[in-house]
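The same chain A turns up in both complexes below, where it pairs with chain B and then with chain C.
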Partner chain A sequence: MRIYEVFLKRKGKQEFRHAGSLEAADDELALVLARESYVRRAEGDSIWLVDRDHLVVGDEEFVAPNADKPHRHNDGGRVAERRQRIHEENS
Partner chain B sequence: MTITDPGVSEYLLCFADDEHLMGQQHTEWIGVAPFLEEDLAFASIGQDELGHAAALYALLVGDDDRAIDDLALRRDAADYRSCHLVEVDTGDWVQALVRHWLYDAAESLRWQVFADSAVTGLAGTAARAQREEVFHRRHADALLDALLSVPESASRLDTAFRHLLPVALGIFEPVEGETVALEAGVASESIAGLRPAWQELVVARFGPVDWHSITPPDQAGRRLRSADFAVRYARMREVNDLDPAAVW
Partner chain C sequence: MDDFEAFLDDGGIVEADDDMPDAYREAVFRFIELHANSELMGGLTEREWIPRTPGLRHKMAVLAKTQDEIGHGHLLYMVAADLGCKTRPDMLEDLFAGNSRFHNVFHYRAKTWGDQVAIAFLVDAAALATQQAVFKNCSYGPYKRILRRIIAEEGFHMRFGEERMLRIAEGTDIQRAMFQQSIDDWWWPALQLFGPDSKPDDKLLRWHIKSERNEVLRDRWVQKFVPLLHGYGFTIPDPGLAFDQEADRWMVGSIDWEPLKRTLRQGGPDSARRISEAAANWADTRWVRDALERVSRRREAA
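Then we have the complex of A and B:
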């Protein structure tokens, strides 16, 4: 049995969103079963299934070193202040 | 046209009762199917079949829920016109799955004869049902594809297939009122006329079959209920019998 991650999308610009996962013997079975487990009330208009083994995964250890860099959290405030100052100096 | 001829009613009742019984049988697997996703899928398919039955019953007695319930659940057993395939107790999941395949292969063919039906609303019901049947058949095929690749499963499926095949042939027994229905443009083909196409599907799925060696059950033109019907019918009516006046 394989584990598939299920993504659903509504018509329009909304992106595919993760909805859950399921276990199935092969792709076709996964698809017909996902139809009843995840879109039986038309929760999405289209569906993606991704075999979990095919995911490229970065774990927490891989991501962690970037968690302590507040200087990368730019909310735009400093730039806005500078623009305001220049604007006032020129007026 | 609306249905006034008793022969046409009788003819459509056969299909409606098949759909009803098949739906009831499938939904019995809710909570006990082999795995969670299948539990949902199989019960959903059963729900679709019950919807088909309700639509066909409504053609016969109108949209009144009480009238539909009377027809669906408050008849004498002798007045049912189901074939034996949908009545029998399958006992295990392997047989339930094989029956699902055999029945839905036939059901798809049966809806096709209503594509240009003279009965008001029937062609639309058939088109909608047909869209659902595409999925039902895909579901059954996907499971069989996966299971037939495992020797032990393949052997158990084959045993179930050999057991159910004669019973399944009962689907194609000519039914009362069919001649009238065909003349009136209710359907474009007799039920027996669908059998060759179904047999081709069966052979493509399960392999060669010696059709001459197989005898369908004695259904007496669908007037004879199978041994398993009584227990099944009691279960179907259980809630209704507790409170016949209940409003849903």
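Then we have the complex of A and C:
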């Protein structure tokens, strides 16, 4: 048996969003189970199923270095400071 | 644990793969397992009523409700299994062996259609109130997301329950007498579903799994249903029930928790039959699981 992650999308709305998971014998049966478990009342118009074993996962440790890259951001503070100074000099 | 509790107090959400204290993992698991078991046991009971439900529209709705309940059980067992405390087959085997808990209300027998209506109205409302209180501020992400779906569907069930209740309330004397008997039988089990007053050190509250105390939820349910049932001319089987003018609230009499405790030990009036029927159903459907296993193995080999 395989575990599948279930993603649903509503037509014309939203992107595919994770809804939950299920266990099934194969892709075909997984689709039927996904429809009957997650889309009984039109919660989505299409389904993606991803075999959990096929997920490629980047964990927190892998992602962490990018949390420390201030040169990729600009909060506009220096510009505001300079504008303020010019404004005061001219007034 | 202090850091973890500070993280939760700050609105932190825990996911299945995150590090978490064992005690938290165990508490969340036990709570979700109880919920999953209750959905499954409820679905099996509901199924008994499909052929006996009056009217095609309501019969089809009961069919849909049965599928909903079994579906909720299915989703919840997936969420519970991902916590790694027990596998899904182990949870089911424990349930059918009578070694696992499910909600008190499923330890009683629904004998008449009136009972079914009282369950759909009083009990489903109580279950929905407890689920909403968990959903509101639940720190365990996978459970919170599945609860959103479950709550939406329980709402349908409760509205059907209310519609059926109104039909009976406006029905014949025989129908009204039947429903009065159902209220007499189901009022206390429904009220006890909320459980005794929450303890001051309740871990489920501390860890933001529950967001409201049992007695608060119970009282809100009482304030809603006492006037509703009185309004339709039914009585409530609580001699201590009284309206407190000053507090502007209905006060219930003293609650005997012994029946609830008996259900926790699988000693309710219908516990043995329910568990053995569920176990028989599990055994009868073994061929489906075996067939799925064969499909699975064939696909793996290919």
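Assume the second predicted complex is superposed on the first by the 66 of 91 C-alpha atoms of A that agree within 3 Å, B and C clash if a C-alpha of one lies under 4 Å from a C-alpha of the other, contacts with A are read in each partner's own complex, and residues count from 1 in each chain.
Methods note: a residue touches a chain if its C-beta (ideal position, glycine included) is under 8 Å from a C-beta of that chain, and two chains touch if they have at least 3 such contacts.
The model shown is predicted, which means the values in this text are computed figures rather than measured ones.
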> When the two structures are laid over each other on chain A, do chain B and chain C clash or fit?
Replying inline: clash
>> For the overlaid complexes, name the partner, chain B or chain C, with more touching residues on chain A.
In response: C
>> In the overlaid three-chain picture, which partner chain does A:21 touch, first (chain B) or second (chain C), both, or neither?
In response: second
> First (chain B), second (chain C), both or neither: which does A:35 touch?
Replying inline: first
>> In the overlaid three-chain picture, which partner chain does A:2 touch, first (chain B) or second (chain C), both, or neither?
In response: second
>> With both complexes overlaid on chain A, does A:43 touch chain B (first), chain C (second), both or neither?
In response: second
> Of the two partner chains, chain B (first) and chain C (second), which one does A:82 touch, if any: first, second, both, or neither?
Replying inline: neither
>> To test your reading of the overlay: chain B has the stretches 110-118, 128-136, 146-154 or 200-208, and exactly one clashes with chain C. Name it.
In response: 146-154
> Which chain A residues are contacted by chain C in one complex and by chain B in the other?
Replying inline: 22-26, 29, 36-37, 40
> Across the complex, what residues on chain C touch chain A?
Replying inline: 17, 64, 67-68, 71, 74-75, 78-79, 82, 88, 142, 145-146, 149, 152-153, 292-293, 295-296, 299
> Considering the complex alone, what residue numbers of chain A touch chain B?
Replying inline: 22-26, 28-29, 31-37, 40
>> Looking at the complex, which residues from chain B come into contact with chain A?
In response: 35-38, 40-41, 44, 135, 138-139, 142-143, 145-146
>> For a test of understanding, state which residues of chain A touch chain C in their complex under the given definition.
In response: 1-3, 18-26, 29, 36-38, 40-41, 43, 59
